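So the structure is just underneath, and the comments pick up after that.
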Amino acid sequence: MAFGPAAMGYDRAITIFSPDGSLYQVDYAFEAVKKGWTTLGVKTKAGVVLIGEKRKATQLLDVDSIEKVFILDDHVGCSFAGLASDGRILIDYARSQALQHRLIYDEPINIDYLTKLVSDVKQMYTQHGGVRPFGVALIIGGIDRGKTPKLLMTEPSGQFMPYYAVAIGQGGYTATEYFEKNYREDLNMQDTILLGIRALASTLKPGEKLAPSNIEVGFADVDSGMFRKMSFEERASILQKL
Amino acid sequence: MAFGPAAMGYDRAITIFSPDGSLYQVDYAFEAVKKGWTTLGVKTKAGVVLIGEKRKATQLLDVDSIEKVFILDDHVGCSFAGLASDGRILIDYARSQALQHRLIYDEPINIDYLTKLVSDVKQMYTQHGGVRPFGVALIIGGIDRGKTPKLLMTEPSGQFMPYYAVAIGQGGYTATEYFEKNYREDLNMQDTILLGIRALASTLKPGEKLAPSNIEVGFADVDSGMFRKMSFEERASILQKL
Amino acid sequence: MAFGPAAMGYDRAITIFSPDGSLYQVDYAFEAVKKGWTTLGVKTKAGVVLIGEKRKATQLLDVDSIEKVFILDDHVGCSFAGLASDGRILIDYARSQALQHRLIYDEPINIDYLTKLVSDVKQMYTQHGGVRPFGVALIIGGIDRGKTPKLLMTEPSGQFMPYYAVAIGQGGYTATEYFEKNYREDLNMQDTILLGIRALASTLKPGEKLAPSNIEVGFADVDSGMFRKMSFEERASILQKL
Amino acid sequence: MAFGPAAMGYDRAITIFSPDGSLYQVDYAFEAVKKGWTTLGVKTKAGVVLIGEKRKATQLLDVDSIEKVFILDDHVGCSFAGLASDGRILIDYARSQALQHRLIYDEPINIDYLTKLVSDVKQMYTQHGGVRPFGVALIIGGIDRGKTPKLLMTEPSGQFMPYYAVAIGQGGYTATEYFEKNYREDLNMQDTILLGIRALASTLKPGEKLAPSNIEVGFADVDSGMFRKMSFEERASILQKL
Amino acid sequence: MAFGPAAMGYDRAITIFSPDGSLYQVDYAFEAVKKGWTTLGVKTKAGVVLIGEKRKATQLLDVDSIEKVFILDDHVGCSFAGLASDGRILIDYARSQALQHRLIYDEPINIDYLTKLVSDVKQMYTQHGGVRPFGVALIIGGIDRGKTPKLLMTEPSGQFMPYYAVAIGQGGYTATEYFEKNYREDLNMQDTILLGIRALASTLKPGEKLAPSNIEVGFADVDSGMFRKMSFEERASILQKL
Amino acid sequence: MAFGPAAMGYDRAITIFSPDGSLYQVDYAFEAVKKGWTTLGVKTKAGVVLIGEKRKATQLLDVDSIEKVFILDDHVGCSFAGLASDGRILIDYARSQALQHRLIYDEPINIDYLTKLVSDVKQMYTQHGGVRPFGVALIIGGIDRGKTPKLLMTEPSGQFMPYYAVAIGQGGYTATEYFEKNYREDLNMQDTILLGIRALASTLKPGEKLAPSNIEVGFADVDSGMFRKMSFEERASILQKL
Amino acid sequence: MAFGPAAMGYDRAITIFSPDGSLYQVDYAFEAVKKGWTTLGVKTKAGVVLIGEKRKATQLLDVDSIEKVFILDDHVGCSFAGLASDGRILIDYARSQALQHRLIYDEPINIDYLTKLVSDVKQMYTQHGGVRPFGVALIIGGIDRGKTPKLLMTEPSGQFMPYYAVAIGQGGYTATEYFEKNYREDLNMQDTILLGIRALASTLKPGEKLAPSNIEVGFADVDSGMFRKMSFEERASILQKL
């Protein structure tokens, strides 16, 4: 430890604040998010779209069978960047909470509340010893009652924020810059989806190209209030509009 | 550790006193408070006001959907500075305690007592191993029976104190100085609110300006005894009085 | 650790004796007591008085709403120096024990026994791992059956001792010296209170002055056998007798 | 530790993220997988095959009694590379989950879901302290309802991915290269098995030869939907086709 | 640690034997005993006496209210040297065990057995982690059935031994030397008490003197079989016989 | 630690993988096995034999009363090398599992399954913190239904393998070499036993000799299907055939 | 730790194997045994004897009241060397197990089995963290059904062995040497006892002498099958035969 990094050992456990009030382990967990496949979400007056990229490391990977956008309930879906197995645990939790809510109250769960429930689990893993934080950020989006589009991103710290557009993972910074230049709230659903796809396209390296088999798209428009995923054909068709 | 800081390792766990009787981890948790968005409260004979600032790091953040002032019960609200997810946990706890009190005793919970309940949770996280202290300070304000305005601030240590005016977070020192120069107890409700807003304005950098979308205001006057939050229009209207 | 203090690491956990049979963490907890606001108690044949000082760090602190002397039951009260949130926990415990005793035995709890109960909790936090000792010393005083005045002080170690007069906190040494020169057992109640106030006054810096709003006084005389706190007016009146 | 490796101690516990967001203990567990006997799986339109190699370290080892391909349920089997005792625990778990599913729902368990259940156990061993991750990777293959062949590989992290062909263990890289050059989806069942055997053969050292007693072969064709293991005679017979 | 003491770290936990088979933490706990007020016991054919010294650090200490000799049951008492709060816990335990024995068996508890029960608790705190040993030695004395005087001393290790005379605390060595020169078994009760007092007197510094208010004396003679404490007057009277 | 061994601290806990995917604590536990008395087993078509050596460190040791071959059930026995007390725990466990199986299913337990049950306990002690692995290897042998001889060896890791012949402990390598040269599967029971005894004899130092009192022999032939231990006379008689 | 002993830190916890497969903490616990008072046992055809030495460190120790040989049940007794309080715990356990056995089965407990029960407790304290091994070795002896004399010694590791004669503690090596030269199995009971006493005498320093008050003798002859302790007179009488 004698020639250790500036962190000076304050980064060895989630239960230790550094002298400047940081929780290094939470910061490090966010690094796992930054190494994940790019994922993004856009919210406009017309609705919400979530788009996840899938990278084919080898031809042998059956990439079509990999899910990156998940339906949580009829009206809400999510995507994530970071440790896939951590993400899976939280998605399972969100689905069971949404289902329980329908069973008990006979109505769809409020999306802010669902996000809070997931984030409370995350918070617990930042304050009690013997565990590590969840190395994953979730983008949750859908349509709440009153035709209200919702888009939220939960951080490893358990903090969550509402966004108009948000992008995480390897291409997160580039896509965010794209959104800052091009986002407008008054788009129709198709243009909302196209905005998201263009933001994802902006993160590609020269020579790379989006294909229907390496993106997943889920969206919910305020009219139907339903969150659904695009089929391969729909993805192929919308990619042609680029 | 050989060339470590003066803390000499006494700051690695909440269960260790330093030789001078300090709990460094509690002190470090207060640093997290100091890095939070500025939050303040004012108590006069007319009532209590809580004001929280919201900073728009990016245009893509849907800052209007972020809450910084929280209603705990009809007669009491709170705000916080520090780790947002820690604050959320304590606010949930406060709300459920206030609700339980109404259910059991059929009367509003005493604000000192509610503050004590929240602070007791905080204390527990400073004396038992395997956890870290809550990295958050809460300002709790409202009107108790007998038309008594109350304003208290709870520290990460679990200590809480009654104040006439109190400010925490990044602009805490500046706003406190403003209060020390300008506070008077005999203001009416509107002037109380204006005093708080002016104190917040004093913390802005040159060129920055308060706008209805980057502050939240909650208040309770002794007449109604109700804690309520200002609407966007009300905030816009009172900001024009500056 | 290579150039660490003489404590050589024996001071890192409550469960470790140093080679000379000391428990450093208990000693360090006493340092927290020494940094607290001055608190004292006096026992004479006429009764017992507890006096706590309150220091107004800022004008914004609503010092009148801060309690430093606490009624535990009709016949007994206490004050403390050290970590305020730790003190609160023990006072809550003492109150509930006193109440339970009344409910079960229909008589006031014996003050030695009440002090022992509180001290047993403290002891437990000095022998079992994963916690830290309570960083607080309590002065407990009142009138037991048979018109017997009692005054005891509990240390962070869980040890408690009976005193004629005792003072702790920042001004503890100075006030103790004052008591050693001026204490007499055959004072009436008012002179007992005055002795306590004079001892507190002896700890002030040049230019400082006691005011009714920065002291709290609780006392129990053998005749009534009741512990009660002085009002603002009573404090103002007795301070004029100095 | 003074001259320690670049990992700088971040690799000592599963509950610690490194500053770049890695979980070193999970990475190290994967090294245990890479040291295991070669195991592979192939999925084509005709079905799925799992092949495990068995190496006869000594003539005294009764290699015919060693199992490397395991039937989990009528329609699904698995193989593994890594720590054999860790693998056994997970296979037991998978079998009991498949059995329970039949008992409760009276239908075969979905293979993705079965894989998820096993992977959730693995994830738990990467986030909670006091344990180590499972040092084993499982290849799970079979036929789901709708005559859908499935092939998935679970990593020590708890992540799992669907593959067309996958190989792990000592010969994993070589066999993967073989697959990348030779895989085609439209093979009949026998050619699928032969492709797997040839991939395994590609990992042998010069002079080594596959024999019926040092491989195990399990397969499921879409027609029968049943996973079954080849007999010694069947293995001898197919090896002659090489 | 680099230039640490000879103990080389084997003294950091009760669960670690040193290479020579020592439990350093138990040895260190005995140091706490050696720093306590002198306490001693004498057993002759006539009975048993326990004598505890009380040192008046300050005139303000109400030393008459401090107990150093404790009645455990009608026939048995004890005294201790070391950490007062640790001693209190064990005395409470001894009293409740003696009481339970009377309730269940309707007869006084055997003194050896009572000592064993207390010592078993001590042993437990030397073998299981997360605690420290009791820093206290108890001298237990009384009259068992058959008019048998008993005198035992329990060590922090949980070991206990029967003695004719034993002394612990600051003056332990000096008083023991006195006993070794002057002990005789055939003394009457008064001479037994006088022997104990003289042994205690032998530990005083030049100029110091025993007074009725700084010793406590408890004794049990074989005729009555009762353990009782001397009053102030009795102590004053016997001190005059010196 | 500065000049520590190559293991660099990865060998301090069972819950830590080394960077190359090893579990050092499991490897070290195997060293305890290698220091044990030599133990071996042989399986032929005729049956299974287990032989354990007993070394008379001193004439005072009542070596005839020491057991090294254990009957687990009518059809199965075992022997072990390594920490004797660890072995005893596992043998107790195996016996109770075999007994339970008879009680519940009214048939002898399958020997592979029994071995798996024992090995699962071992695995648990390699993955969960706060314990150490079992420092013992068991050789389990017997006759399963269908007159099938079985011989398995369980390692400290929880891995177990089927063998034709296996030897562990101090003479393990030498006896294994002997088996590799001389093992044949088609021996009758007596020759099987003689092969085992000769393998054990091959591990003796010059001048040492096997005697009926320093070996134990247990065997099961396929005809009877019963595992039984040889008497002193039988051992004496077969040793004469050498 | 930089210039630490050869043990290199592998000796800090019972849950750590050293690279050569040792459990240093168990070895160190045996050192505590070697520092204890000498204790020995002899088994001949006539019966079993246990002899414990008691050393009078000071005249004030009531050595006659100290027990070193313990009756566990009518037919079996024990003695120990090492930490006295650890020994007491195990003797209590043995007694309660023997008693339970009589209550449940209405017959004396088998001595091997009783020894195993005690040793299983010891083993548990060598494999699970947070405790230390028992620093004590027990010699258990008696007569089993069938007039079979039994003599066993349990080590801190939980291993136990049957002996003809065994000696532990400070004089263990010397007494063992004496036994190796002089032991014969065909002695009558009195000569068996005399052999044990002579072995003990062989460990004395020049000038030291055995006396009836510093030895304890317990024995069981095959005829009576009862374990009983010698009275002072019997000890005096047999010592005269030396």
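A, B, C, D, E, F and G are the chain letters, set down in written order, and residue numbers restart from 1 in every chain.
Following the convention adopted for this analysis, a contact is a pair of C-beta atoms (placed from the backbone, for glycine too) under 8 Å apart; a residue touches a chain by one contact, two chains touch by 3 or more.
Note that this is a predicted model, so its numbers are computed, not measured.
Enquirer: Which is the least count of steps on a path of touching chains running from chain C to chain G?
Expert: 2
Enquirer: I'd like the Å distance between the centres of chain A and chain F, where a centre is the mean of that chain's Cα atoms.
Expert: Taking the average C-alpha coordinate of chain A and of chain F, the gap between them is 55 Å.
Enquirer: In angstrom, rounded to a whole number, how far apart do the mean CA points of chain B and chain C lie?
Expert: Distance between chain centres: 30 Å.
Enquirer: For chain D, jot down the residues that touch at least 2 other chains.
Expert: In chain D, the residues touching two or more other chains are 1-2, 14, 129-130.
Enquirer: Among line, ring, star, complete and other, which one matches the pattern of chain touches?
Expert: ring
Enquirer: Under that contact definition the chains make a ring. Starting at chain A and heading to chain D next, list them in order.
Expert: A, D, F, G, E, C, B
Enquirer: Which positions of chain A touch chain D when the two form their complex?
Expert: Residues 1-5, 7, 11-14, 24-25, 28-35, 58-62, 65-66, 83-86, 88-89, 92, 125, 129-135 of chain A touch chain D in their complex.
Enquirer: Please give the residue numbers of chain D that touch chain A in the complex, ascending.
Expert: 1-2, 8-10, 14-23, 43, 116, 119-120, 122-123, 126-130, 151, 157-159, 161-166, 176, 179-180, 183
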